[in-house]
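Given below, in the form of structure tokens, are the structures.
What follows is chain A paired twice: with chain B in the first complex and chain C in the second.
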Partner chain A sequence: MFSYRIDFWVQFFVSIAVEIAIAYFLWSSIYSTEGASRISGYSLSMMILYYVFAAFGGRLVRGNERMIIATDIYDGGLTKYLLYPVRYVYVIGAFALAFDTVTLLQMAIGLSTMFAVFGLPAGFEFHWMNMLMGTTACFMASILYFIIYVALDFVAFWVDTVWGLSMMFRFSIQFLSGFFLPLELFPKPLQRAIYYTPFPYIGAEPIKMFLGRSSWPQWVHANMMVMLWIIPMAGLMQLLWWRGVKNYSGVGI
Partner chain B sequence: MAVIQTKNLSKTFRVHKKAAGFKGSLKALVRREWLEKSALQNVSIEVSSGEILGLVGANGAGKTTLVKILAGIVCASSGDVSVLGHNPWQRSNELRRQVALIMGQKAQLWWDLPAEDCFLLLRDIYQIPHNQYRQNLEFLVESLGVQDQLNIQIRRLSLGERMKMELIAALLHTPKVVYLDEPTIGLDLTAQRAIRKFILEYRKLHKPAMILTSHYMEDIEQLCERIAIIKEGKIVYDGELSRVVNKYAQHKILSLEMAGPLTDSIRQGELANLLKNLRAEVLLEEQNRVRLKVARSDVAQVASAVLQKIAITDLSIEEEDIGNIIEKLIRRDGVKYDSGPAS
Partner chain C sequence: MNLARYARLYGHFLRFSFSKALEFRVDFYFRVGMDVAYYAMNLAFFKIIFLHSKYLAGWTDGQVTIFVGAFIVVDAIHMTVFANNIFQIGDLINKGDLDYYLVRPVSTFFFVSFRDFAANSFLNLIIAVGVLIWALARYTGALGWARISVFLLLILNGALLHFLVAILFILPTFWTHSRRGLQPLFWQTARFMERPHSIFTSPMRWILLTILPFSLMASVPSAVLFEPRPGLLIVGTAVVTVLFFSAVQWVWRKGLAVYASASS
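The block that comes next holds the complex of A and B.
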């Protein structure tokens, strides 16, 4: 994980800083064009802060999305994990956990630097409890996201390229989770429909916790919903593994 | 007692066919044609503890598929397979802790990590006790002479060094079953020799049941007493390596050391007369040496004629190169194979 020092810092600055910069320029222009001080309850500074937490929280939840499972299936990298006395999904899970640990470190460095340089945005009060609620909710959400991601990559057992399918699903999940836009900006009926899915608990809800817009009962509710969704998704993932590994031909050896 | 056992093992792969060109690609997008490809047909083999079975065959013959099935990577279509009393496809941890697969063509170690970090990771995966890990690592590192490369990233090692690290990684947990799939491929002669020597030492010490696939006949000759020749998914010969020579070698090589230089008069006179009525052919002529390829049944007759008619200082009779014999067996169609009893 720490083998590539340049990659560590480039990943951090490029992906996070660019995401936040885009949000800043876009929303500044929208607020000034509209002449509005608030949109769906968000002031400009709170809107930018939403994207700051979406960028950091998103990295924590989504982890390393480099399709390593599909690649392992396509180039035969899975073979060694079939030989080792360990479950493949646990190995990938350990990699994801290592990635999340690094992200947490980056998040702490990034947020403290940002708050030290720019100060706290107007209307935002920093509370350790909110950070704890947001981080734990992100961690729970990352388990659910991980299971969905693994299940999607297991499709590679049947199809020769899973990239298009995976990108489509990931884009949809991120859109419906509120990583691209706060869910409050969506039409009300769509918002209601989205809350029947696990997606708001992956993005929008943890972000609201960071922003101090959630209470402990909402934290409990969000985590319960994530756990409820983890059970069927884990079942689906396991089923895809059992069926898929029979199709594996161990190419490359 | 056999450690590895297969009975009537068969494997069929389903692959899709695509007609050439853009039109073919469009057609495949809508409707795919599938082809059933038989990789193994009724393969029955047995390997005992301390034995190295050489699996020999041309590319695509089914050697690697058989190894993959035995290692639990691929599921067999039909037949029985047992490794240490387990079905490898069930991949029980108990079995996986006793098996190793070394693939010359596929790196198993983590490229971004130094070798020693990879070994530590494997120690935890295989749950090797710390003392045993330390002892095994010391023995393996010393035997293969890679002490100075342990803390270098795998991606920065040479092919030979990487292969040695792969061997260490695979044998750290002292497996009872070892599959070696072309372990010396692409290596220089020194590295090949070192690996062969190490495999023999390891076998002597731990007596695992081993299956070796290799296209290098030197690997087979030096490591295996028994071979199985696999052709188009079928075992066509399973028996002692020495038996292949006795059974299938059609010629012997006669080497003659002439008393004087090999002149044109000897070449066109005595030698030409000698060969005229015998089934022998000249393989090599140089200064005072001649090598003749002689039908096995005619060896005595040719040797006696040489001694009578040509002034020589030395005569030796050698077997035909075993690699050539096996290669002929693998390539030739219509060869009548005769499998010996499994040793």
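The block that comes next holds the complex of A and C.
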């Protein structure tokens, strides 16, 4: 990561800037066309702020999606990890944690720069407690996201390429988690259905905490839901690992 | 004849790509699933927006659906015809593997740009075209055949322009020696293609119509269907495409001049 420092920082901030710019132009156009001051409870400035937190929080939750595991399985690189005295998933988890730590730093720099340059949006009150709630919820969500992502990468034990599967998951989760649109805008029956899945707790709920739209009981509820989803997903991941490693030849494909 | 020779060569690329794709059948299904998810997500995104707004920058639901159909066709053409090739160019330059293509008796640029046809994405292209046809068929306004023909030509031009811009982001590899050049930046900025150009105000709109012409790939072709006087948009698109084609050829030649062969 630090060998390509400029690439790393430029990519991070360009991607964030593009996401926020697109949201800004899109929603400015919609609010001015409708002449509305609020849509689904969001004023224009709060809507833009939603996308600011979605961009930063999403990066924190998703971490480094570079299919390291699938590559290790395909080129035989997994073999060396099997000889380590630490379980493979912990090694990969440590990489993810390191990446999240750097992302947290980028998020702090990015948000403080934005607030310093543009000021706080109308209707938004900055509270450290909201930031703490949002960050911890993102951290919990990143564990769940990591486990699902690892489980999908373990499919590489059986098939020649999992890139398509991984991208399909990424598209679906970004949409159903509320990273593209606040879930409040979705039709009510769809909203109810989505709340039976883990997705809102990966995106929409942590973002609402940053915006100060959640209380402590809601924070507890969201984290409990994430933990409830972690249990079966971790079980699935472990099952795929046990079965997959028996299938692994270690010679690469 | 030269053109016939290149067409024959492309035929060989196609045959080889299809036989290769048949070896990875599971990947084929995953790719179909991935692109269907991408198409569905984009259609749903705008459908949800239209639950809260009657117009999007002056366009109706039906017009925006045609625009979505247009950009997923451009994306599908890119994924099928160009993406694999562009992805590999950085490695060819860095590892010195470009040597093998420089010694062949055909245009190196043609060879590295077209040799890998993603046959496993071909079904996705058919699905994307199906979505566009559906969007055009359900549109209730008047669409003349002349305008539809120009629209379809501009979509193909949009795919070419997408390729030209993408390759301009990878060619700096000749100088930077990084694996991907500026490709990650291209993936980020290419998201501007997925929104109608009329939502952007100046100077952003001007940038997206000229320097980073993502709006010329699908949004402007769609606008040609609905605008009362689309002449300037058509001429502007043609001029920008010619300029980008010339720029790519110029950068490619400059890049080859500094290419230091194996392990450069």
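Please note the rule applied: the second predicted complex is superposed on the first by the 250 of 253 C-alpha atoms of A that agree within 3 Å, B and C clash if a C-alpha of one lies under 4 Å from a C-alpha of the other, contacts with A are read in each partner's own complex, and residues count from 1 in each chain.
Here is the rule we go by: a residue touches a chain if its C-beta (ideal position, glycine included) is under 8 Å from a C-beta of that chain, and two chains touch if they have at least 3 such contacts.
Treat the numbers as computed from the prediction; the structure is a model and nothing was measured.
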{"item": "Which of chain B and chain C A:Gly250 touches, first, second, both or neither", "value": "first"}
{"item": "Chain B versus chain C as contact partner of A:Phe25, first or second or both or neither", "value": "second"}
{"item": "Partner chain in contact with A:Pro85 - chain B first, chain C second, else both or neither", "value": "first"}
{"item": "Contacts of A:Ser37 with chain B and chain C, given as first, second, both or neither", "value": "neither"}
{"item": "Partner chain in contact with A:Gly76 - chain B first, chain C second, else both or neither", "value": "first"}
{"item": "Superposition-derived comparison: chain B or chain C, residues of chain A touched", "value": "C"}
{"item": "On chain A, the residue positions that both chain B and chain C contact, one per complex", "value": "4"}
{"item": "Chain B - residues contacting chain A, complex", "value": "13, 64, 68, 71-75, 91, 93, 96-97, 99-101, 103, 105-106, 108, 112-113, 122, 125-127, 153, 181"}
{"item": "Residues of chain A defined as touching chain C within the complex", "value": "4, 7, 10-11, 14-15, 18-19, 21-22, 25-26, 28-30, 33-34, 39-40, 159-165, 167-168, 171-172, 174-175, 180-181, 185-187"}
{"item": "Chain A contact footprint on chain C (complex, rising order)", "value": "23-24, 26-27, 29-34, 37-38, 41, 44-45, 48-49, 51-58, 178, 184-185, 188-189, 191-192, 195, 198-201, 204"}
{"item": "Complex contacts: residues of chain A adjacent to chain B", "value": "3-4, 76, 79-80, 82-86, 246, 248-250, 252-253"}
